[in-house]
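Per-chain numbering from 1; labels A, B, C, D, E and F assigned in written order.
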Amino acid sequence: MAMQRSTHFDESGQAQMVDVTAKSITARTATATAVVSMNAQAAQSIRQGDSRKGDVLAVARLAAITGTKWTSTLIPLCHAIPIEGVEVGFQWLDEPAAPSTEGTTPTSLLRCTATVKTTYKTGVEMEAMTAASVAALTIYDMLKSVDRSMEIRQTRLEHKDGGKSGLFQR
Amino acid sequence: MAMQRSTHFDESGQAQMVDVTAKSITARTATATAVVSMNAQAAQSIRQGDSRKGDVLAVARLAAITGTKWTSTLIPLCHAIPIEGVEVGFQWLDEPAAPSTEGTTPTSLLRCTATVKTTYKTGVEMEAMTAASVAALTIYDMLKSVDRSMEIRQTRLEHKDGGKSGLFQR
Amino acid sequence: MAMQRSTHFDESGQAQMVDVTAKSITARTATATAVVSMNAQAAQSIRQGDSRKGDVLAVARLAAITGTKWTSTLIPLCHAIPIEGVEVGFQWLDEPAAPSTEGTTPTSLLRCTATVKTTYKTGVEMEAMTAASVAALTIYDMLKSVDRSMEIRQTRLEHKDGGKSGLFQR
Amino acid sequence: MAMQRSTHFDESGQAQMVDVTAKSITARTATATAVVSMNAQAAQSIRQGDSRKGDVLAVARLAAITGTKWTSTLIPLCHAIPIEGVEVGFQWLDEPAAPSTEGTTPTSLLRCTATVKTTYKTGVEMEAMTAASVAALTIYDMLKSVDRSMEIRQTRLEHKDGGKSGLFQR
Amino acid sequence: MAMQRSTHFDESGQAQMVDVTAKSITARTATATAVVSMNAQAAQSIRQGDSRKGDVLAVARLAAITGTKWTSTLIPLCHAIPIEGVEVGFQWLDEPAAPSTEGTTPTSLLRCTATVKTTYKTGVEMEAMTAASVAALTIYDMLKSVDRSMEIRQTRLEHKDGGKSGLFQR
Amino acid sequence: MAMQRSTHFDESGQAQMVDVTAKSITARTATATAVVSMNAQAAQSIRQGDSRKGDVLAVARLAAITGTKWTSTLIPLCHAIPIEGVEVGFQWLDEPAAPSTEGTTPTSLLRCTATVKTTYKTGVEMEAMTAASVAALTIYDMLKSVDRSMEIRQTRLEHKDGGKSGLFQR
């Protein structure tokens, strides 16, 4: 099998920010999700945000949107990309997307979905992945006093389009 | 069951940065992990970093260390904490820590572990969680051209000590 | 009258970050306010946030809290201060705190109040002033498509205590 | 009256970064002002900057210019915009632009004016507003040891042109 | 001799961010170098990085790449530029590029070279100069416990092309 | 000769942020300098700053002061340190501190000196080195349109005291 090299290293194996000078400027979209597992008490605390006892998801949504702006700060070899739109949503999963890894009682699962758009020479997968991660981390932060065992599961790219590598759809 | 409120909201449900003025300054430690699943080609690409074909883990380790410094930027209600030490390690898991969620063929699993220390009024759980997440996101970034289906699984707190809430050990 | 010199300049008039090495670490609090004037339509849009048509004040509150963390980035000679607590509130003023400066019809006035706490060698007036300003700027940003003529009026320190200069109360 | 919705919320009232993908790239300019009121001693301290006893306005000007670069960090739903030019000026107002709100003796009024330019899909009103605010906050910071009662008054947009919404002139 | 004015000041001598609105978008490249002098022990410590006793140059390379993203934060009147590619290399100089300034025994000299690319209205000289400086500062940081007398010498632009001012080659 | 290991790597050669938990909090000072060489025209342009044709050194001084706050962002393994005071000065050198490296005609030499203070567990050498570097880079930026061949020479630590390693004086 011919070895495929990550484009983030040059021929001698040194890290570089990939030269995108010659790439085409095209419209690009990426969507990523992160799933947070939590106990019943934490889930109840979030749901009550609707009744204004503290809106965890409003905070997490804002954190995710602003998180997209920090992607190139966090990920060393990322280009800074002009982000043209961000949407963040949340959905309770009736059935676990990922089985509990320790045989414990079932937990509530909340999925964070972030969609990011740009018109640039390189894509926004990392911005979407970072947004979903930051949403999940913020939820953990706000509820860790209620359930310190919360886990972030299955952070992953769901969709991307635009650019030379074309469509990716899970 | 009496409802437990997240401390990040005041009595009327408004977000706040929790007042820690009166808390004691104590030594605190937190450890978090994130597990990345990837296909064989991506795993091979990382392992070859040892032979200087591009050291993915060295980049991810640095990203995780510097990521701890951005925690209070990413997480809206986090205090900025004087971080006094960070260690980041990686370990290949022979057996999957999390079963594949879609019945696909087994994948390689790499665990990122971040330990953060401070001497302050509040703990570094979020710094450790952020470091582990950034390590995993950086690995995804560097290898997404090889395997765009990589997933980050099971980001979670493993250990914390110090402070009023005391020891947490999974 | 003997001329009083700003402490941010040395004897030859050069800017400096004031040396606070020898100052005492004490608990300090500061409160600042900013008043935003707007037309009836913009005011209605904010009030409807309570009924979940878009919660402008939740966004402004978070922006103000995170804004405190950027104070020493924005204000060149400010020290970076360990912020230990932030509260942000909003209040509609029945009677204008500041008369309209152009003889136009009366507008609605919304007051943003930010209180910041630290235990450090220097105070948090600038953090409170910045938080109130950022709250007001965020409100302007979110409603400028409704009323581009909105104004921020009367951003000022209301209260400070702690430190050598002692209590300030308007 | 049909309710006008802020574009920063989607149809269900959730915050978003507005999608500007389809907007035209055009030259855009925005000018904003902030007025600072201060006592005679503080005003004298600034004026003496000309004679090199400490140049408050040079510091405030630089803070305002660099402040434009932090706009999308401070204002959660702002796009990061490629800023192509910034000018900052100061003018003493012989007659108060805003009457004192508390019946106190007349104060000196200094107006900070910031003009920002871009060629992009969305405008630079917030960059101009932020620059004017940061100039005023920096002046407050440098002279608060001389006059802690200084106020920032009447931060507002004076002019914008370019883009779909066209010309705004006060 | 007619006096040439820096473009960073307007006609009255006030600092400004130069208006580049009307400039052409062209491909631009810049290369800068910094030379670090160190004693034999520090040099040995770096060379052993190849044998995985701690890879100083891998850390310095990453710091230089990410340093390019901070240029407009560090340099007050710099425009934020969309960086499209960064390469960083290191070379041991057999013969000193700069003679020791104090008549001490010869030291080892290591040259850091950074090349930055953009397609924009203004050039990336400052990004290349900043990258080379940050590489050198990082090397100093990592080895100052071994040789606190290390010096950074001869940071300078080696090459630039693109834009109205055309080619510069040392 | 027994090999001395940089403290920024652990025993297996992996980068880490050094654990300073157990170190004593003491007053610490560091002073660093950077020397900029330039042609006569550039030097004249700076000197005329005194007569208000554009004050290059005022901009460079502010950039250096704010640069100290970015040190831990730029240098990956640096701790974020509470900076308690910064002074930045400039001095023309009548005689070159560093001989021209290319046999060209003598140039003017300007020395930037930065002194930084803290009371913390680790020192501020890197903050002083970064401040001196940023001052020099800013001077280059502002005058590169006048003399693109300017060089930064001899950035180095001049003095440090406080902490376990004690006094360093060149």
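By definition in this document, a residue touches a chain if its C-beta (ideal position, glycine included) is under 8 Å from a C-beta of that chain, and two chains touch if they have at least 3 such contacts.
As the structure is a computational prediction, the values presented were derived from the model and not from experiment.
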**Request:** Quickly list, by label, the chains bordering both subunit E and subunit F.
**Result:** B, D
**Prompt:** Both subunit A and subunit C are touched by which chains?
**Reply:** B, D
**Message:** Quick check for you: after a Cα superposition of subunit B on subunit D, what is the rotation angle, between 0 and 180°, in steps of 5?
**Reply:** 180
**Asked** Quick one: which chain's Cα centre is the longest way from subunit A's?
**Response** F
**Message:** Same or different interface residues for subunit A and subunit E, judged by whether over half of the residue numbers are used by both?
**Reply:** different
**Request:** Averaging each chain's C-alpha atoms to get its centre, pick out the one most distant from subunit E.
**Result:** C
**Centre-of-Cα separation between subunit F and subunit B, whole angstrom** = 34
**Item:** Length of the line joining the C-alpha centres of subunit C and subunit E, rounded to whole Å
**Value:** 38
**Complete:** Note: subunit B residues in touch with at least two other chains are 14-15, 55, 58-59, 62, 66, 73, 76-77, 82
**Message:** Please classify the inter-chain touch graph. Allowed labels: line, ring, star, complete, other.
**Reply:** other
**Prompt:** For each chain, which other chains does it touch, given as pairs?
**Reply:** A-B, A-C, A-D, A-E, B-C, B-E, B-F, C-D, C-F, D-E, D-F, E-F
**Fill in**
Residue set of subunit F touching subunit B in the complex reads 10, 14-21, 72-73, 76-77, 79-80, 82, 121
**Fill in**
subunit C residues touching subunit B in their complex are 27, 58, 61-62, 65-66, 68-69, 82-89, 117-119
**Fill in**
In the complex, the residues of subunit E that touch subunit F are 1, 3-9, 13-15, 34, 41, 44-45, 48-49, 52-56, 59, 62-63, 67, 70, 73-78, 97-99, 101, 125-126, 129-130, 133-134, 136-138, 140-146, 148-157, 160, 165, 168, 170
**Asked** Which residues of subunit E touch subunit B in the complex?
**Response** 55, 58-59, 62, 66
